[in-house]
Amino acid sequence: MSKKANKLVIVTEKILMKKIVKIIDEAGATGYTAMETGGKGSRNVRSTGKPSTADTDSNVKFEILTENREMAEAIADKVAHTFFTDYAGIAYICEAEVLYGRSFCGPEGC
Amino acid sequence: MSKKANKLVIVTEKILMKKIVKIIDEAGATGYTAMETGGKGSRNVRSTGKPSTADTDSNVKFEILTENREMAEAIADKVAHTFFTDYAGIAYICEAEVLYGRSFCGPEGC
Amino acid sequence: MSKKANKLVIVTEKILMKKIVKIIDEAGATGYTAMETGGKGSRNVRSTGKPSTADTDSNVKFEILTENREMAEAIADKVAHTFFTDYAGIAYICEAEVLYGRSFCGPEGC
Amino acid sequence: VSVEFISLFMKDFIAQLQSPTLSFLIGGMIIAALGSELVIPESICTIIVFMLLTKIGLTGGIAIRNSNLTEMVLPVLFAAISGIAIVFIARFTLANLPKVKVVDAIATGGLFGAVSGSTMAAGLTVLEEQKITYEAWAGALYPFMDIPALVTAIVVANIYLNKRQKRAAALDPTGDEGPRPNRVQIWPIIEESLRGPALSAMLLGLALGIFAQPESVYKGFYDPAFRGLLSILMLVMGMEAWSRLGELRKVAQWYVVYSVIAPFLHGLLAFGLGMIAHVTMNFSMGGVVILAVIASSSSDISGPPTLRAGIPSANPSAYIGASTAIGTPIAIGVCIPFFIGLAQAIGGI
Amino acid sequence: VSVEFISLFMKDFIAQLQSPTLSFLIGGMIIAALGSELVIPESICTIIVFMLLTKIGLTGGIAIRNSNLTEMVLPVLFAAISGIAIVFIARFTLANLPKVKVVDAIATGGLFGAVSGSTMAAGLTVLEEQKITYEAWAGALYPFMDIPALVTAIVVANIYLNKRQKRAAALDPTGDEGPRPNRVQIWPIIEESLRGPALSAMLLGLALGIFAQPESVYKGFYDPAFRGLLSILMLVMGMEAWSRLGELRKVAQWYVVYSVIAPFLHGLLAFGLGMIAHVTMNFSMGGVVILAVIASSSSDISGPPTLRAGIPSANPSAYIGASTAIGTPIAIGVCIPFFIGLAQAIGGI
Amino acid sequence: VSVEFISLFMKDFIAQLQSPTLSFLIGGMIIAALGSELVIPESICTIIVFMLLTKIGLTGGIAIRNSNLTEMVLPVLFAAISGIAIVFIARFTLANLPKVKVVDAIATGGLFGAVSGSTMAAGLTVLEEQKITYEAWAGALYPFMDIPALVTAIVVANIYLNKRQKRAAALDPTGDEGPRPNRVQIWPIIEESLRGPALSAMLLGLALGIFAQPESVYKGFYDPAFRGLLSILMLVMGMEAWSRLGELRKVAQWYVVYSVIAPFLHGLLAFGLGMIAHVTMNFSMGGVVILAVIASSSSDISGPPTLRAGIPSANPSAYIGASTAIGTPIAIGVCIPFFIGLAQAIGGI
């Protein structure tokens, strides 16, 4: 069995990590997956003076699976309005189908 | 030309890496992509005592492109039933369209 | 508001990184996200003699959001024809819906 | 006497907390508590652990070359006994406490029975700072306590789980057998622990010390760097300890009690056994302290993954939280000074 | 005199560029310019910065133990004054230049007012290479210039932004209030800077130096490794400087002018203040040089993220580019020799 | 004589396998074979390689400062000749063997012609352990063998590919030209190799040694750390060698034969040329050994990516597998002792 879901993807600057986790939690999402990424966009800013060796670790990418689209959009709105005027960032949604995920379908499975 | 495919995504604990690769290979998938991720879910366990500096490398994420949905589900079932009662993990499917991939469409392309 | 988009995913060998960035830029994409990945496919080559400790950092994965499918396919074609005969690599497309992204919808939002 | 003992002991205790090793541990806890964003990269911790254990191995190997092995027999035996005993102590104390799951308790016992290379390194260093001599091969006792503890824990846990399963199947009206009990192979567990990064570094050093001529790199590199690297590692363990305290809140309060008392209990057990070797085989008092210290330590690197794989149903937050957040700082910060003080007071060294 | 000064100065200057510290910096810029693919892993840079600042802290701490603190008062005061003054200098010069956004200018002032641990380390090393003595606690001046500068910059910037916002609201016909001004809390900023990796390493070392007995690891590890590690870090900063030059092209030309002149200006200001302490409290000439060097330096590790969070609307490419690409190499490669030369010529040391 | 030679040689050989350098290599292979999970982080390997090659460069640079360069001419020339010859050897032997693709063979020749910094470091260290003197600038021979080999391989391979393409086009009835042959630019290849991390570290050290005063950091940091760091790197190379053996199974058996014989062959060739320089220009016997060792070595860091980019159609599993899994351990573990033994037996040192 499986359960339709929205996968919200947010790519933004690494120093926002903690603040975005907070927003996700407050929105009531059941969880998230985060990974280091790099990339280029309209503003290609490096937000620390630390020597950045690789070009693959200046950003962070969040993937948040939500049951209803409203929550996904709510998170995206909050993040975008709070940060995307001053910080690099992008947010998009894909469709997904969750097969297993305790956080998502409870321990008894989807 | 292109070829419809299912993209199975599995996020779970890093120490399961080798075992899951084995399951994927046995299921006959033509390949997989793996990357380090972090995240939070219903059980937010750290499965080693190693000082974990970043919050982005406690998990591993697999992406497996399969031609038919059956194989994807077979892999997800096997992984979930073997591990997800005791280990943190989630599995979901997205639709994808492979344009090029020797492992997927053979050397002559899709 | 949101804007339909194609998400082109390219997974290939790390040493091609710079060359592929060049192709993406020339194709006129508004940006890309890159991350280190590992994986296995038909050719599982390690293209350096460097001791590779982890199995999760031999490849690089690009995600490119494009407004029209033509551009996505153009990039995939260029990359595949230039490199995929001699280098490991795969390219596939997913559907996505961009909610926010200055590079994508301009500063005023989607 | 007892007055003298206390005074000796306290004087000593304070002094030792100021030793680089322990002060960096405490420093780490404090800056973590103050919310410092200082981070020691994981790759650095990995290489430090490698160098510390290789050095300990080399010391042992070079020493073993010219020392009769018979005098190792008793200490080795006692190391193994302690490791096994510690698991059963947890099984019959912690496991019976309210709100404590039996498998979690057994796993915790396994982790506390196993050995922390860094705690051992700290012990050896403080001993040297105190100019207390010990058998150079003492570090080689590590695996003989570590592996028996882990193996015992995994075996005991699985026997318990199988029993419970059978009982469930018996009660089950449908009377079907249920999943057949999974038998535990011991050898794979031993192999896995031997292959862990900490132990293999130690054994590699041991082998090189015995069969090769590593003196030049030993004197010029591994030995001089030892204390400095250890100070960094201690800092990390202090920070880790603090950051893991939160995890403990998720589990039963009893884990806190256990992880405060256990290191002393385990250390005293081993200390006692060590004294037997001291009297009968004149095993040095320094060696006795080391035996006590590795007993009071709990594994940080190789133990957790081994247990996670061997007892998947046990909750890692319970046993890792208990050992990292409380067990280890107690073992390093309190037990090391305590057992040295004890040895000095008793053995009059 | 002036002739002798020039000659003394130039002779000295060339000699110092050949010092390991500075030559590695220059080497780094050159190989980066030649497109070398040499990369020093980030984890290595992190641990080097940690060790350098811990060592500086330890030195200070051990020194403070037996030295009367009254002689620190004036230098500390002057450090703070310099840090604050530098921000206002930027506010009233750089900020008024064409094509320069005011907030960007203020942030740049904050970064140049703050301190670079690596530049300070370089300064201390070159001083030692030149056998010039200085107060061992001089490194401890770092936070007293760093934090005031960052706090001032963030406060000034937010006051400016709020003013502008109010004005906009006033002009706004609809007369609605617009978003209410966000008041700046000062304490959180101070906390954040104290928690940054560089400062907490330094303060940790300081505390350990004062309260513990770290001499053994200090002598055996942190001190001997200092210069070597610094040479690697200098290489990295040289490479970084070159690779960041590109970023500057994106911003107004005036940043280039500013980041060439500012280090001298700031250094001279602090040098002057230092001379007062030299005359009144006989603060050593070496100490005066250090005060000047940290003033001419601009923060590389902790400053940028603090400013990014405190003044989000400021463009990091502007202030980071200016400091990393030009400010820092000038401070290390030119100002250090310059102020040492100055001290030697004036103080006749 | 020959008896004496053999005995001398064997005695020596065993002794050298016990040297830290070689014993860590062997240790690495063994623990990898035993399935150890020990991992040395990549960032650590990177910095070790950097420090080793910077040190070698510094040594060379400081030496070159006061040594007439004319005596370098002949060795440099011979280094280049060896590098080029090795490629052609592969082209006319390996390439003609059954189941071996010509481009793969040429690439393999290029990799074996190129130089491994770590093998060279091992050679220099064992020489010192054996108290055999050599020209301090000997390390500077590295690029003069490395680059010619890589360039030759890429050029030869592309000429071959273009030829084959033209032939195909000629036979092609439609008679269309097919993709026009891609001409090889030599300069970009040279540039790329010079920019590789290993070579640029070495050249940086060289330059600093010549133009700056790095003695203090050299004596206090790079030199003392050298052997210890090398021992870690040797361990890694041993583990790598074992883990790559599998890759070789995927390719023709002949690669195994080649990578066992080639290091000796190449070494002997260079040794012979070196002897000429020894006799005519009294190039030291130690120098001759180094020339032989770098010839028998095969590039591990910069070579592979250069070849991968220059000959994309060649299969990296073939040439990397051959060099890492067999070529390198043979070069370090067998050829170094062999050529030292040879030099001692011949040169009577």
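Per-chain numbering from 1; labels A, B, C, D, E and F assigned in written order.
The definition used in the following text is that contacts are C-beta pairs under 8 Å (C-beta built on N, C-alpha and C of every residue); 3 or more make two chains touch, one makes a residue touch a chain.
None of these values were measured; they are calculated from a predicted model.
**Q** Using the touch definition from the top, how many steps at minimum link subunit C to subunit D?
**A** Tracing touching chains, the least step count from subunit C to subunit D comes to 2.
**Q** Looking at the contacts, which chains touch subunit B and subunit E alike?
**A** A, D
**Q** To get from subunit A to subunit E along touching chains, fewest steps?
**A** The fewest touching-chain steps linking subunit A to subunit E number 1.
**Q** Of the other chains, whose C-alpha centre is the longest way from the centre of subunit A?
**A** When every chain centre is compared against subunit A, the largest gap points to F.
**Q** I'd like to verify one number: the distance from the centre of subunit E to the centre of subunit F, where each centre is the average of its C-alpha atoms, in whole angstrom.
**A** 44
**Q** Centre to centre, by mean C-alpha position, how many angstrom separate subunit A and subunit B?
**A** 19
**Q** Could you say which residues in subunit B touch two or more other chains, in rising order?
**A** 35-36, 54, 94-95
**Q** Provide the list of subunit E residues touching at least two other chains, using ranges where the numbers run on.
**A** Residue numbers touching two or more other chains: 39-43, 225.
**Q** What topology does the chain contact graph adopt: line, ring, star, complete, or other?
**A** Looks like something else, not a line, ring, star or complete graph.
**Q** Check the chains against each other and report every pair that touches.
**A** A-B, A-C, A-E, B-C, B-D, C-F, D-E, D-F, E-F
**Q** So in the complex, which bits of subunit B are touching subunit C?
**A** 2, 5, 7, 17, 21, 25, 30-36, 60, 65, 94-104, 109
**Q** Using the touch definition from the top, list the residues of subunit E that touch subunit A in their complex.
**A** Its residues touching subunit A are 39-42, 45, 236-237, 239-240, 247, 299-301, 303-305, 308-309, 312-313, 315-317, 320, 323-324.
**Q** Of all residues in subunit A, which touch subunit C in the complex?
**A** Residue positions touching the partner: 8-9, 11, 35-43, 54-56, 59, 61, 73, 76-77, 79-80, 84, 88-95.
**Q** Could you list, by residue number, the parts of subunit D that touch subunit F in their complex?
**A** Contact set of subunit D toward subunit F: 41-43, 46-47, 50, 191, 194-197, 200-201, 203-204, 207-208, 211-214, 216-217, 220-222, 225.
**Q** How about subunit C: which of its residues touch subunit F in the complex?
**A** 15, 45-54, 57, 83, 85-87
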